[in-house]
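What follows is a set of structures to go through.
The following pair of complexes shares a single chain, chain A, combined with chain B in the former and chain C in the latter.
For the complex of A and B:
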């Protein structure tokens, strides 16, 4: 039965889920925009964030908000370490020809992290029912508290990232590097440092989302695969390398998925979204929200 | 007169002997050892070798990253399996049907994306693969989805029957298919078209400035590769007997396996993939008890190849060969193909 309340319910669900996809995509887009490489290991960073959150909050009993900060910080360090130890040397050696190799390198990292997680933690799912049990009822519309928490987390994270990129010196330096690396360097920006920090931020975002979504996606070794695919969808719809595009495309994807699940028979929403992505790739490779007119 | 006759019966070159010896070994060992296990392992090696070589045919020559190669495998496999089931063709025709199904998808994908930058081709092929996989798992009435489609084995040909219980027959079918495919790929790479491929690889803009329609060459390369990937997908369907649209079989994981073999073997060589397949499939068999660790080794070898040893096994072998031949008094320089470092 399609009533107004069902529609509102679907919309809230879609936007909440979509905001998360958007943030995953934003990390991926940030890394692509600055380093020019598609980080295939992004889903594994999500996975590591989820494990960190689980062990911080459930095993050690740390309160959830602090656990979130810890896992975000840990993933930032992991991201910087990954960039410095593996990606930077490769870029230094290959110069501008490194793009495809960088792509494949992150695939190697993905395979290693996934299977190390399998060895260390086993295939078991580590999850929580909810950090904040219970639900709110507004007339016919029912929202679980967990969902509100996730939505709040998404809004805060998006806001922080936006302020950081727009208002701080480091954020400006990152945007300058994305715009024109050589010119940024001439202006005294240490772009190697920017590369490392950007990768760290991307990883931290993935970790934060992995932590926030622990009740939806429990931590298990291959959880990253599905999430990575969503992040790809968002990044392509929003335009490769466009952080704002990804943030807009996230809720859009969430809504499409929510409505498709309600109206199309089970499973077909996957086919619908991947066809949509193909359509965007073919008709508007620069993304739906980009003002760029030349074909890439 | 005598002299020219002597000249015409030249001694075979070392690499020609090596190829013949290799073929003899590949043909003989599974037959001599027999049983089920050894032929199965050799089938796996050959299959991964030719898929690696096809991946390399695109990546190592024209820098086309076909990140959805497993999707083309899927198109061939389901194309053949479904047409055998619903249109009652023989699996032998199925090989062709599978190849054509995959080539058609390759043609459409290629026309739409090959003029874009490399990363877009990678992403488009990735999503072509996922669209196929999702569609197949959703269309349960036709494909039986996740519960798996059973596929018939090859029917008798020239009075030779191919029962599933005897993997040796399948191995020889595959060996012949692989040899034919490899010969065609090698001929293309060595022809004038192959020269254009290498020119594009080294300097795409420069090549197009010479008035060469780069996109057309890319399309040719992509469709040919898609066709053969489809043929081997069809073979795989009738060999393995059951098809399931999982990521391990026809998704990212299969792509990563093929890609690793091409990289570890050495890009831009075609034959390097044989070394890659021998190493990685062999290692998987030897380290079977180690379970997850073998996949860690898979990933680590990919990281090592990229960061430390970009020319792969083929590069190492070629380096060794060059060093050996430099020990002997001046031999005419080998016109070796430059590896894609």
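For the complex of A and C:
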């Protein structure tokens, strides 16, 4: 039955889910825009964040919001360490010819992390039913508290990232490094440090989303695969390397999925999003939301 | 002596030196011009000085200290400004953000950052009106003005300019060289490479002509001012 309340419900569902895709994509876009690496291990950062959240909240009994901060912080450190120990040496050795090597390197990291997780945690799923059980009813519209929590988390994370990139010195330096690394260096910006911090931020975003979505995607070794796929769809729709594009494309993808699940026959959901990706690649390969600025 | 380069050798491909032992000096409060044909090694020389290219021999001293292990990121903290080849604005950032990034080396001193940025806007009414516009939307000449004001923000002691007038309208070329004179008046030593030999000669105290990776001629610019055409014909 299509009623206004069903439509509202679907819209809230879609935007919530989509905001998460958007943030995953934003991390991927940020890392690609600055380091030039297509981070195939992004889903595994999500996975590690989910495990960290599980152990912080369920095993250690830390309240969920603090657990979220802890897992975000841990993943930032993991990201910085990964960049310094694995990615930076490869970049230093190969100079500008390292796009494919970086891609292969992160595939390697992906496989290693998946199998480490399998050894350490086993194939078992670690999840929670809900951090905040119960639901809110506004007339006919019913929203679970968990969904509200995820939506709030997504809004706060997106807002923090946007303000950070737009208003802070470090955020400006990150954007400058993406656009013209040599000019940034000349102004005194230590771009090696920017690379490490950027990878850390991407990892922290993935970890935060893995934590927020623990009730939807329990932590298990290969949970990252599906999430990575969504992140790639978002990045293609939004424009490769465009953080804002990804953050807008995420909710769009979420809405399409939510409506497709409700109105199209089963199984069409993924077909419709794939068709959208095809259409974007053919008709507007720079992405739906990318701004083009030309250099004279 | 602000900058002293001696017997500098550098190049890209192994075994082939583009610079075959170049020596030059730049004094404070003066403009030093460097001219030469395409492929003479002018940009290569500037890159090697600024640490974008590894030198293979010779010495580079800034303020009597060896710049041997100089990295590009050290330029700003030593108050060396470098206008690199081509365009170097950040196109997706606004004019104001571009200028603020020019203050990176003293970003902790917020009052000084604000003062420096406002002074740049006072100096250029064009930038003032485009303050919130993305730099990529400016014309080529306006971008060059932005680059010049951005590099002047931290009161550089040494200014290294690679083709500042390339592609500019004649009126703007004058503006650029006026700005160079202003930097000199502020006490900076300026090393300028440019294709408009006449302007370089008029603005400089000392002139070098680079040819096939070696200094072919040098001397006080006043000595060349009446025979600049001959110089261009013979060496450029």
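The rule is short, and it goes like this: the second predicted complex is superposed on the first by the 292 of 296 C-alpha atoms of A that agree within 3 Å, B and C clash if a C-alpha of one lies under 4 Å from a C-alpha of the other, contacts with A are read in each partner's own complex, and residues count from 1 in each chain.
Basically, contacts are C-beta pairs under 8 Å (C-beta built on N, C-alpha and C of every residue); 3 or more make two chains touch, one makes a residue touch a chain.
This one's a predicted model, so the numbers in the text were calculated from it and none came from an experiment.
Of the two partner chains placed around the shared chain by superposition, chain B is the only one that A:285 touches, whereas chain C remains out of contact. When the shared chain is aligned, chain C comes close enough to touch A:190, but chain B does not. When the two structures are aligned on the shared chain, A:135 is found in touch with neither chain B nor chain C.
More residues of chain A lie in contact with B than with the other chain of the pair chain B and chain C.
Of the two partner chains placed by the overlay, only chain B lies in contact with A:118; chain C stays clear of it.
In the superposition on chain A, A:86 makes contact with chain B only, not with chain C. When the two structures are aligned on the shared chain, A:176 is found in touch with chain C, with no touch to chain B.
In the superposition on chain A, chain A positions 295-296 are in contact with chain B in one complex as well as with chain C in the other.
Those residues of chain A that touch chain B in the complex are listed here as 38, 86, 89-90, 99-101, 103-105, 107-116, 118-119, 225, 229, 232, 236, 240, 267-268, 270-271, 274-275, 277-278, 281-282, 285, 295-296. Considering their complex, residues 50, 52, 71-73, 75-77, 81-82, 84, 87-93, 97, 100-102, 104-105, 107, 134, 136-137, 139-140, 143, 150-151, 167 of chain C touch chain A. Residues 59, 63, 65, 112-113, 116-120, 122-124, 126-128, 130-131, 134-135, 137-138, 247, 252, 256, 259-260, 263, 292-293, 295-296, 298-300, 302-303, 306-307, 310 of chain B are the ones touching chain A in the complex.
Taken in their complex, chain A has these residues touching chain C: 169, 172-173, 175-176, 179-180, 182-191, 291, 293-296.
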